[in-house]
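Two complexes come next, and they have one chain in common, subunit A, joined by subunit B in the first and subunit C in the second.
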Partner chain A sequence: MAEIVLDKPGEKPRIGVYVCHCGGNISDTVDVAKVAEALKGEADVVVSKHILFDCSDASQNEMIEDIKNLNLNRLVTCACSPKLHEATFRGVAQRAGLNQYLSFHANIREQSSWPHGDDPAGATAKALAQARSAIAYMRDATPMEALTSGSTQSVLVIGAGITGLRSALDLASMGVQVYLIERLPYLGGHSAQVGGTYPTGTRGDAIVRDLVGQLLRKPNVTVFTNATVESQSGYVGNFEIRVHIAPRVVVGPSAHFNDAIAACPVSVPDEFEYGRTARKAIYQPRAPVVPNLPVIDLDHCTRCGKCPSILGGAVDFSQRAEVLTLKVGSIIVATGFDPYTPPQGEFGYGAVPNVVTLPQFERLLATEKGPELTYLGRKVRSLAYIYCVGSRQKRAEGDGGGPVHEYCSRFCCNATVNNDLHVHERFPEIRAYHFYRDMRTYGRNELMYEQAAKQGSIFVRYSEDNPPRVTTEDGHALVTVQASILEHDSVAFPVDLVVLVTGMVPRDNQALNDLFSLPIGPDGFYKEVHQKLRPVETNVTGLLIAGTAQFPKDIKETLLSGSAAAAKASTFALKTTLELEPFVASVDTSVCEASGGCLRECPFGAIEMHEYEGIGKRAWVNSAVCKGCGACVAVCPTEAIQLAGLTNPEVRDMIEALAR
Partner chain B sequence: MTDGTPSSPPPERYDVLVVGAGIAGMEASITLGDAGFKTLLVEREPTIGGKVLLLSKVFPTLDCASCISGTKTSRVSHHPNIDMRTYTEVEAIRREPDGSFLVRLREKPRYVDMATCTGCGDCEKACPIIVPKENDFGLRGRKSIYIPFDTGVPKKAVLDMKNCIYCMACERACPADAIDFLQVEKVREVRVGAVLLSTGFNLFPAEKKTAYHYGEYPNVVTAMQMDRLVGPTRPYNSVMRLSDGKEPANIAYALCTGSRDLTVGNPRCSQVCCMYSMKQAQLLMGILPTADITLYYMDIRAYGKGFEEFYQQTKAMGVKFVRGRVAKIEETSGNDLRVYHEDTEGRGVLVKSDHDLVVLSIGLLPNPGIATIFTNETLELDEMGWIKMRNETQSPSMTSIDGVFVAGCASGPKDIPDSIAEASSAVSQCIAYLTQMRGLAPSGVVPEQTRQESNGEASGLHREVPVEAK
Partner chain C sequence: MPAPSDFEPKILVISTNLISDPGIDYAGSAHVHYPSSTRMLRFPCSSMVRPEFILHALTHGFSGVFVAADGGDCPFLRDCSDRTALRMQRAYALLKEHGIEEGRLRMAGICSVCSDAFAKNVKTLYDAAKRMGPVRGNGREATT
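Coming up: the complex of A and B.
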C-alpha cells in the first residue's frame, strides 16, 4: 500500500481530469475536446486533457508524470464503466504515490455516449455534468484504506460433471482443500452417458472414470454425492455453506445385490438412458459411485421390504439425512445443462415411434453391442438427422408460450457428424441423411463433416421458414422436406429412425439460483461479469461459474472452462488475507434510533441490532458482509447510517454539481 | 548449448516462461503473476499485445479491442512478478536433468536505449525513409525508425536497420540521446520450471487464393486491413477504396478465404471469420449508412455465446447474406469488381454480382516455428502444424512435453473468449504441475499471502447434528 500523502488538513485539492475518446466509442458522440476545455475553468482543476485511450500505458504514464510535475493530489478519469477500468486508474494513483481512493472514474461511455448516440449535444452536456459531479466528489474526498479479511483456503465445487471434476482436480493438485458436491448418487454428469467423444474417440465414461480416479487419489478432496446446498452465508474468503446429504441406504457390501435388484417391484424410466429403458428403485449406476455399491432411489422406493430381506445389514433404511457446514473461500458453480426435450409432436417426437433425440440416440449406440443397429425390434437401414431442434428458435408472432432458445447450441453439429462417423464405421450399410440449416463444424471439426460427406452421408440444407415434417408410414418415419438442392420440390425420405439433434438448455436450478442470487443472461444460462475480461466471475466476488451452466460447450471446451475457473479460484484460495472495498456502511450510535429499517432493507444480512452498554439497542454493520449498496442509508430516518467514502454530504455535492 | 555467446553469470531463474505476448500470453502471465509465480514473458515483436490490439471492436459485444487488451498490456508492464522482454526470440529450449528448462534468448538490437527513450516520436519525424507499416498491413507507411503502434507497450522507438541509410538524422533529433547505433544482439540464458506457449497464428496470405487477385486489384482488401480501416487508430479516418479514395457504396465479403479450401491446402474452418465479418458489416453500417453490404458464405458459423443473436441482429440491420462461395473475382471498369458465385438457394446457376469493394475474410494458419526450438524433446504438432494438445478430452492444455503448456491460437484458431479460457486453463495446470510434480513454490512477490500447507485434513469441515434426524 502506498503511503498516504494527502492527510494534511487544509491541503488544497489539485485535480487532474482526463477525458477519454475510447477510440471513438465516446468521441464519436461526445465532444471530448469541449468537455476537457470546459473543465479547465472548474475550481481546483489544475489540468484537463482529452486522450485517445486513457487506459493505454502511455496515457497512464502521462498521468503519473502530471501528478508528479503539477503536484496533483486527485485524479478524475471520464471514460468507460468503472467495472472495466476503475481498478486501472486506482493503480495509476497508487503508482504516483497517491491514495488509490483519490481517483474517481466517471462513466461517460455507458451513461452518455452510448445511450445518446442520436443526440451529440445532449450527450456532451451530460458528460460534462458527470465530470463536474466527479470533480465535486473528489474535492472533499479523503484517503481511505482497503479493508482486509481473513480467508479460508478451501473451495466448494457444486456439480461433479467433468467441469466440476476438472476444477476439483486442478485445485487439489495446487494443494487447495476441495469439497465437491453432486446432487445425484453418481459422478460424471452427462459426459458419462456419451459414447465415443470427438476429437479423441475416447468413450465418455472412460473420461469420467479417469478424472474420478485421479481425483480420489488426492488427499485434500472430499466428495459428497446425494448432496445439495441448503443455505449459504458469508462472503469471499469466508462463505459458510450448509450441505444437505440425502441418505444412501445401501451401506455395505453384499453378494446378493443382483437378486435384490431383480426382486425390486418398482420400474421407472432410467434417466441415464434418457427414458429409453426402465430401471428399478435399487440399481447399480453405470457411472462412478463412491463407494462402489448400488443405490436406492428413495423417491420411487415403496419400502416393500424385499431388499432388506435379501441384503440384510447391507441396507439401512433408518439412515437419515445429514447436514454439514462447510467453510470455504470461494465457490465454483458447475451445475451443467439439461438436454432439450421436444414437446409432443415437434418433428414427430412422441407421436411417430421412430423418432429419438440425440442423447437417446447416443445411448442407443452405446448400448447396442450387436452387429446391426436395431430400434423397436427392427433393423435400422436408414437414418435421418434433423438439426437445430430446440436451438436457433424464433418466437412466432403472438406466441407468449414457453422459453424460446434463440441461441445456437454449439456442440450439436459436431456431435452429430461424429456420431454419424461411428455409425458408418460400425454399421456401414446404414444410409444417413442430414437435414441441417448451417453446418457449424467449426475449426478442426470440419474434417469430420468432410469425412461424413465423403463416405456417402447426404446433407440437405433446409430453411428455417420451411422445416422438415415427420410423419409415419408403414412403420417407417417419413421426412418430407423442401430444399433448394432438391430444386424446391417436396421430397419425402422414408427412414427407419429419425434423430432429432437436440441442443442444451439451461438447467432449471431455481432453488440454487435464488440461494446465491446467480445472474442469468438473456439466453437463460449463467452470465459472467464480462465475457473477455472476467469470464468465470459473477458480481458476487468469489462466486464463480464454469462449464455448460454458462453456455453450451463440447467436452474439450468444458474441461478448459473447469480449469479456467480453478485458476481464478486459486487466486483466492492461495491467499490467507483478501482485500475488500472500504465503501461500507457504519452507524453513528449517538444518532441511531434503532428503527430497524436498515435491517429489513439490507439484502446481504450485514446489519444486526446490538445492545450497547449504557445507550441500549443500536444497529451494527458487519463490514466484511456489507457490499456498500446504500439501501440502508436511504431508509434511515435520522441519517445515522452512512457509507464510508459516500456520505450524504458527498452525494449531495455530486447531485448539486449534476444539477448545475 | 554450445554455440552463440554464452552469458557469463549463471542463468537467471523464473518459475514460468511464457512465449508470445498476445491476448492469451498476457492473460496467462497476469494470472501466474497474481498467484505469485515469477514469470518471464517473451515477445518477438517490439511491442506486446498481439493481433487483438490491432483490431477495431470485438464480437459479439462490440467492446473496443483496446478496452480488452489495453488493460492487459498495462498490467503486464507494471506487474511485480512479470519480467517482460520484447523484440526477443526464444532460440532454444533444453530440458535439464533436474527437470527444469534451460532457455536461450536472443534479444534483437533496437538501436534505441529503452531506459532513456521517452517515445516522443522526434526521431520518426526526422527519418527520411518511408516503408510500408506492418501493423497497418501496408495501408500506410512508417519510417525506418518508428514507434510500432500508437497504443503499443512499450511505447519506445525501434530502428529497422534493413531500411536504414545511416543518415543519423534520428540521432541528431533525439532529445534524450537514446539512439545507439552500436547496440548488438544479446544472447541470454535463463532457467525456468515450466513453459507456456502462446505463440498465436499467422494470417492466411490472401495472394495464395489466386482467383481473388489480392495484391493485384487495389479494391480487394483483407478483413485485417478492413479492421484497421474501421479501428480507432485507423490510418485514414474514413473507409475508402484503395484505388481512388472513394467511399465504397457496395461492399462484398468473401468468407472462407483460405479456409475450408483444399486448393490452398487448408481444409479446416478458421472459427472466427464468420463472426468478424458480421462485426465489420455492423460497424460499416454505422460508418457508411447508405452502403450495401453482402456476405457470400457457405455456412454461417455463429456458435458461441451471443453469436447467433448477433447473426440475427446483423440480418435485421439489412446486411445481405448470400449462400454461395465466391468462385472468382474480376476487375471491371474503374477498378470495380465482379464477383462470381453459385446461386445455391435458387436455381443453382452461376451469378455475377458487381461491387466496388471486396473484403476477403481470411483464415488463420499455424505459426509452427516454435516446434524446432526444443532441442532434446519433441513438441508434437498436428498435421496442419498447430501445436498438438496431449489429450483434448482429458487435460487439454498439456502438450506432448511434460511441463510445456499451450494456450490461445497456438493450438488452433479461436476467438478471444476461448483464447482467454485456454490461458486460464493452462495456468491452472501449470501451477498444478509446478507445485505437485516439481514441488516448487512461487518465487515471486506474494504480498500478505502464505501458502496453505496441505495435510489432507478437511480443515474447514465440521459436522453438526443432522437436522432431519431428530
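Coming up: the complex of A and C.
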C-alpha cells in the first residue's frame, strides 16, 4: 500500500550491497563471501561485494564510484552496529548524490559474528537474513528530508569538580552560554582536596582556583552552588531543566565570621578532610566559594540563634529555596566519584587507630605544616602503604553476589608513589614500605616508581590470596605479610601509620540517574555509547558524560575528558538549528476513521483532530511536536497513521525477509 | 506430533533503537552467546509493536517473538512498560483467536546494558519454541 517514490523518478530500485569483513571481526565467523554471493541473486540487487573495511576511505569512494557508474539508487551496508556507522554511510549516499535515507546499515557484527562466534554457519545464515531484510526495506524506501529544529546556544554542566570546570571553561571560550551547577556550596570537587598532584607536585586546589578564576572572568558563565536538577524535559537543542537552589543563608559580608564560627555549638565530621577532623555548622570552606563567604550546613544547624546575634544582617534564615528554569541545547554530566571507604576491620580500618585511607593521608600531608609528620600526637617514623584496597576485588563463591569492585582504579599506584616521593622530600627520616599486588605506574609515572625505589622505599609484593593483616601492638600498627618472594615465612612490620590505598567507586546518584535515565555499566559507572567511537555520549542525543562519573581517571585524564565533552556539546550548542531525523508519524486521511485512539495514545500532544473540507474529521500530526515513538501506530484500527521511515508495509516486508 | 529434534525455531527479536538494541549490541560486544536462529528488527520504541506484527511473524515462518522492551529507560514514554504490556495483552488474545500458543510470545524490559538478561530471555523463548515445534493452527508454517 505504500506508494513507491524513487529517488530518480521512473527508475526501478538498483541496490548496491557491501558486506564488511571488519578486519576479521565479522569474517572470522560469518562467511562474508558466501553472503555477498547469495545476495547477488536477490531481486533489484545490481552489485554485491565483500570488503575488508566498509568504513575505510577507499571503500567509501568505491561505493560512490559504483553508485555513479552503475546508476545505483539504494545503498545497503552490512557491518557493525548502526550506532557506529549508520551516519557514515548516509554520508556516502549523500556524497554520491542520493538521498541520505536511501542507505541502510544492517548489523552483522554486534548481532551476528560476535554473539555467534560458537556457530559460524548460524551466524552466516543470520547475517544473510539481516541483509535480505535490509534489501527488502530499501526496495520500497522513499527519500526523506531531515527535519530542522531551533537550538539553544547554551549548555548545562552538572558538577563543578575539575572536569565540570574544564568543560565549562572550554564552552565559555567558544562563546556558548554555560550554566554550571554544583550540589555542594563550594567548587572544585575532590581535586581541591589533593595536596600534591603527580607528576609536577602542583597542589590540586591551585589548579582548581586557576580554573575558577578564569571561569569567573567569562561573561557568559553562570555558576549555581547548592544546586540540584529537579526535573528535565525536551530533547537535544531544546532541553528544559528546572534547577533547585537551596538557601545559602549567609547573604552579606561581616567582620565577625570567625566569632560566629567559634560560637557555633555544632561539631560534625568535616567531609573536606574525609572525616579526619571536625567542623562547625557554619564554616569557611577551603575550596573556592562563590561568593567568597562562609557557608551554613542547614542539615546540621540547630538554629541556636548565635549566628544572627553575632552576624546581624549578614545571615538571613528566612531565605527560601529557588527554582530556576534553564533552556539548554546540551547537557554534560560530570558528577564525579566517591572514594572507596573500607568496611570496619578491612586491613584494620576503624579498628586499628593508626590506619587511614589514601585521601585522608593526602589531607594529612596537605595540612601538616611542621617539620615532622605527626599522627594522633605521635611523630611518624615509618609508614606502610597497602595497595589495591577496594579495587580488583574478586567475587567470592557464595557471597550472595553483592557488589564488588572488579576494576583497577588506575590513579592510585601513581598517587601513592607520588606521595611517597613528597614524604621523602619533606621528612627524609621516614621509612616507607609498599605492600602491592601489581605496580601500575603507567607511562612516565614509571619514573616516579623508579625514584621511590632508588631513594630506599621498600616494595613488597603480596598475592591477593594472602593479603597483609593489620593488627595493633604497643601503639604501633603491625603489618604481617606473606611476601611473594618468601615461600613460607611471613614478615611483620611495625609501623606508625598504615595508608590504605583506596580507589574510586561510583557515586550514588539515584535521583539524577532516574531523571535522565543515565546508562550505568556493570561496574556502576556511567557507560558511554562506544569507548572509542562515541566516548562521551549517551544514547540520548545531546546528553553527555565526562570525568570520573564514567570510570576512574586521574586529574590529567579527567581534564581531557572534560574538554572532549565540551567539544562534543559544542557540536549542538554552536548551531542555531539542528537536523533531526524525519521519522515522524503521518496520517493517510483517505483511510482514517477518526477513532481518536492515536490522540489518546500520543504522550506529546502531537496529534489533533482536524476538520478537512469535504471529508470531515481526520487525525492530523504536528511533525514539529512528534517524537517518532510510534505509540500511535500500534493502536490505529485502520493503519491510517504510520511512521515515516518504518511504515507498516516496511515492517511486514522486513519480517518476511527475516523469516526466509 | 512431537517436534523433530533437529527443528530449529526462528525467533524474531523486536528491539528498540535507543535502549534494548544497544543492550543487544552489548551482548555481542561481550561475546555473550544466544541462539543464532534469532532475527533482529529495530523499532523506535516497543510501544509501536502492533499485535498484528506479531501475528504476521508467527504466520510467516517465525516460531517465537521476543519483544525487547524499553522498560523504565524509555526516552519517549514514562509508562512505556505499561503500554507495551497492553500491546502484549492484545497480542495474546489475537494469537489465541488464531490458535497459536501464547508461549511463543515473550516480552521483557532490556536496558542498554542488559546483555545477560537479553540472552537469558531469548534462550528461554527459544527452548519453549523448540518444545512446541513449528506454528500450527492458522499458522502458515504448518503448511510449508
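FYI, the second predicted complex is superposed on the first by the 586 of 660 C-alpha atoms of A that agree within 3 Å, B and C clash if a C-alpha of one lies under 4 Å from a C-alpha of the other, contacts with A are read in each partner's own complex, and residues count from 1 in each chain.
To be clear about the criterion, a contact is a pair of C-beta atoms (placed from the backbone, for glycine too) under 8 Å apart; a residue touches a chain by one contact, two chains touch by 3 or more.
On a predicted model such as this, the values are computed, not experimentally measured, just so you know.
Chemist: After lining up the shared chain so the two structures overlap, which partner does A:A659 touch, if you call subunit B first and subunit C second: first, second, both or neither?
Modeler: A:A659: touches subunit C, not subunit B.
Chemist: Is A:G630 in contact with subunit B, with subunit C, with both, or with neither (first, second, both, neither)?
Modeler: A:G630: touches subunit C, not subunit B.
Chemist: Return first, second, both or neither, reflecting whether A:Q60 touches subunit B, subunit C, both chains, or no partner chain.
Modeler: Only subunit B; A:Q60 stays clear of subunit C.
Chemist: On subunit A, which partner touches more residues: subunit B or subunit C?
Modeler: Result: the larger residue contact count on subunit A belongs to B.
Chemist: Should A:M504 be classified as contacting the first partner (subunit B), the second (subunit C), both, or neither?
Modeler: neither
Chemist: Tell me which partner A:E406 touches in the superposition: subunit B (first), subunit C (second), both or neither.
Modeler: The first partner, subunit B, only.
Chemist: Which holds for A:V323: it touches subunit B only (first), subunit C only (second), both, or neither?
Modeler: Once the two structures are laid over each other on A, A:V323 reaches subunit B alone.
Chemist: Which partner chains sit in contact with A:V389 here, subunit B, subunit C, both or neither? Use first/second/both/neither.
Modeler: neither
Chemist: Is A:L512 contacted by the first partner subunit B, the second partner subunit C, both or neither?
Modeler: A:L512: touches no partner chain.
Chemist: Report, in rising order, the residues of subunit A that make contact with subunit B in one complex and with subunit C in the other.
Modeler: 521-522
Chemist: Which positions of subunit C touch subunit A when the two form their complex?
Modeler: 10, 12, 18-19, 21-22, 24-29, 31-45, 47-51, 53, 56-57, 60-62, 72-78, 83, 87, 111-113, 119
Chemist: Within their complex, state which residues of subunit A touch subunit C.
Modeler: Touch residues, subunit A against subunit C: 81-83, 107, 109-119, 122-123, 125-126, 129-130, 133, 517, 519-522, 527, 529, 539-540, 583, 601, 603, 627-631, 633-634, 643, 646, 648, 651-652, 654-656, 658-660.
Chemist: Under the stated contact criterion, what part of subunit A meets subunit B in this complex?
Modeler: Going through subunit A, the ones touching subunit B are 21-25, 52-53, 55-58, 60-61, 80, 84-85, 88, 91, 95, 148, 152-154, 170, 173-177, 179, 197, 199-200, 202, 207, 210-211, 219-220, 222, 320-328, 391-392, 406-408, 410, 413, 438-447, 450, 463, 484-485, 487, 521-523, 525, 531-533, 535-536, 550-551, 555-557, 559-568, 570-571, 573-577.
Chemist: For a test of understanding, state which residues of subunit B touch subunit A in their complex under the given definition.
Modeler: Going by the criterion above, the answer is residues 31, 34-36, 58, 61, 63-64, 66-68, 70-71, 73-74, 77-78, 119, 150-151, 153-155, 231-233, 260, 267-271, 299-309, 312, 344-348, 382, 389, 391-397, 412-414, 416-418, 420-429, 431-433, 435-436, 448-456, 458-464, 466-469.
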